[in-house]
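Worksheet: one structure, shown below.
Letters A, B, C and D mark the chains as written, and numbering starts fresh at 1 in each.
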Amino acid sequence: MCPKTGREMNKSRFEAFSDGVFAFAITLLILGVVLPEARYATNRELALALLRLWPNAIAYGLSFAVIGIMWQNHHALFRLVERVDRRTVFLNLVLLAGTAFIPFATSTLGTYPTMQAAAFLYGVALSFCATAYNLMLSHLVASRAFHANVSPAAIAQTVRAYRFGWVTYVGAMLLALVAPVVSFAAYVVVALYYLIPRGLDADM
Amino acid sequence: MCPKTGREMNKSRFEAFSDGVFAFAITLLILGVVLPEARYATNRELALALLRLWPNAIAYGLSFAVIGIMWQNHHALFRLVERVDRRTVFLNLVLLAGTAFIPFATSTLGTYPTMQAAAFLYGVALSFCATAYNLMLSHLVASRAFHANVSPAAIAQTVRAYRFGWVTYVGAMLLALVAPVVSFAAYVVVALYYLIPRGLDADM
Amino acid sequence: MCPKTGREMNKSRFEAFSDGVFAFAITLLILGVVLPEARYATNRELALALLRLWPNAIAYGLSFAVIGIMWQNHHALFRLVERVDRRTVFLNLVLLAGTAFIPFATSTLGTYPTMQAAAFLYGVALSFCATAYNLMLSHLVASRAFHANVSPAAIAQTVRAYRFGWVTYVGAMLLALVAPVVSFAAYVVVALYYLIPRGLDADM
Amino acid sequence: MCPKTGREMNKSRFEAFSDGVFAFAITLLILGVVLPEARYATNRELALALLRLWPNAIAYGLSFAVIGIMWQNHHALFRLVERVDRRTVFLNLVLLAGTAFIPFATSTLGTYPTMQAAAFLYGVALSFCATAYNLMLSHLVASRAFHANVSPAAIAQTVRAYRFGWVTYVGAMLLALVAPVVSFAAYVVVALYYLIPRGLDADM
């Protein structure tokens, strides 16, 4: 009941706020799946309009996986962390700003799946998040924010996994400039890959 | 305060995230109730436009019941569960992706209540969720994730109830192809039926 | 850690889910304040368009107060309650369905403040919520769900306050049919009145 | 498990509800970044349309920072507070109403960054929030709601910091009437300034 006097934020409120943004952003994705505004006079017209939304449906599933993975990684990371300081809160806000941007990028990708600009924008959003994650992780390592019983080897493995994630996202982003559909497919492959646990993630 | 070292996720954050998506998806349903974009010049015009939204209002109430029931079932199920592993988290994400899709399917059903494509899409969304629920339940049973004091008979009864739910949703989905309005009515009947507690649900 | 074996729901998850819907519904209200779709070429045009939104702004503030009061009442009520059974959960879902409907009614009222249909629809939403609240309260009283140390006098006072609230909302709804603007004003007066604590509310 | 009998609200539910509105409002900001409704036929057209959204992207980042800072300040303030009474709940609701309004003001500012009306509306939203914060803080001080171990000097410093914040926001709002783009820039500078911890904030 007494207030904490250190410089750290209460970790549970930090996590609850982050979870809230993850949960809201993931649910908002559906707003990117919209029927073109028209009155469909027949069942056939409506069915065709719905079927034409298949790229939006794939983009919806993709981003659901992406944000779901980010939420899991956030959870896996912060259960190892003991202290949340101002800089962590700031970098986390940057990460959340990238996450909350994903619904817009998803909607654009689902509507224009064959255009470079859409696939590139999607890559920018994911690379932005991956960059924020890596900066936050670097700060956590540098400020020795981890619990004492977390082994240096486990931390090093997590750092490697996050760097690898960054490279793949930036790679897929650059790929978008020359082959947007291949880039879209790469996002899906990377997401499926990350659904398989590795390193610290596996301990979640 | 010390980090867990097992492979399980913290159950309370798992539940909080799921609750967030359920609560957010259920609140987003209202975005499917929209007045056609027009300036209504007289009270009579506005009143008629509002009255013509009655299928949207029924679809809203139906999906509110459906997601409300799913939230209750989720709660009833996981209070019996002791451990949440990666596979459970993954199957739960699939379930949540289906849940977050319901507002779109609801909006389509409310706008085109007499068309096969709309009633079928709604059935696809519910069947998808029911499938994810059954897969998750099978995994929980296979991985012995339940508390030790939950009786095998209670688990078997839950499994039967979930399978029965799956059959009714898939049945209503197929019915949509031949009789969309009857299918719509079937969704309402099934939802009302599930509002009555049975098996493990009754213990909630 | 061990599962509860009674028929009650975990009260804290019940409250968290309800709080989630209240918080989301109250934040979604802003989606009812929209500029008519047009490109405003000059500052003067934009300023006039924004100023013309004043009924939307009042409706926004009104509904923010209404949902805020409902959240406070929900909180004040359930802190006195010991057990949450299935019927309470069901009636609470009905209440939340009414609450999540308020953003649509608010948007309609703000856009057509002088039309009977809009003021009546708003009254229907509030009366629906007030009815659900009264049914839920009656059930809580009948099932002796209150903590043992809550006095019968306090309960009786709350019941009276809730009935009085129901009468005022239904009255304002009926008033909408003859004098929509007076009804709109009445909603504001009632909301302001309820911001002043009384009875059990005052103990919150 | 026993109900509290004082006049205070449960602080954790108060915080959870506020966090919900903050997290939801911050995620809703992305709805203000929308492509003009059109079918873009070529990649070049889409890329240009996305690039033209840069003021919306800046406004999005700005408001993400603003709401993020408000959430941090809310957290930093209430960890020092022992009691939450009805008046605090009311003033907090006023604050949240201002916060939930920010997505609309952000969308307007991002779409019309060079118009006085848009920059002024944005300033109105921020000044409204700053006023609510100052009134709430004054009430907390007057009602001696702080924990006993919070020093008067720390409280006085927080009061000064909040007053200074109010002055800057009102100043930027008035500046909007003569130089909207300078005012927009001022909002960004103030937000960046507040990202640097000071006074009680630094203890968060």
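Criterion: a residue touches a chain if its C-beta (ideal position, glycine included) is under 8 Å from a C-beta of that chain, and two chains touch if they have at least 3 such contacts.
In this text the structure is predicted, and so the values were computed from the model without any measurement.
*Asks:* Rotation angle for the CA superposition of chain C on chain D, to the nearest 5°?
*Replies:* Roughly 90 degrees of rotation.
*Asks:* Could you check if the interface between copies chain A and chain D is built from the same residues on both sides, meaning over half shared, or from different ones?
*Replies:* The interface of chain A with chain D is built from mostly unshared positions.
*Asks:* What chain is the most remote from chain C, judged by the mean position of CA atoms in each chain?
*Replies:* A
*Asks:* Quick one: report the Å distance separating chain A from chain D, using the average Cα coordinate of each chain.
*Replies:* Each chain reduced to its C-alpha mean, chain A and chain D end up 25 Å apart.
*Asks:* Starting from the mean Cα coordinates of chain A and chain C, work out the distance between those two points in Å.
*Replies:* Inter-chain centre distance comes to 35 Å.
*Asks:* Please output the residue numbers of chain B that touch at least 2 other chains, ranges allowed.
*Replies:* 16, 20, 24, 28, 31
*Asks:* Pick one for the touching-chains graph, please: line, ring, star, complete, other.
*Replies:* Per interface graph, the chains form a ring.
*Asks:* Can you list the residues on chain A that touch chain B in the complex?
*Replies:* Where chain A meets chain B, its residues are 15-16, 19-20, 22-24, 26-31, 33-35, 40, 42-43, 46-47, 50, 60-61, 64-65, 68, 71-72, 75, 79-80, 82, 147, 149-150, 195, 197, 202-204.
*Asks:* Considering the complex alone, what residue numbers of chain C touch chain B?
*Replies:* Listed in rising order, the residues of chain C that touch chain B are 1-10, 13, 16-17, 20-21, 24-25, 28, 31, 86, 89-90, 93, 96-97, 100-101, 103-104, 108, 112, 115-118, 121.
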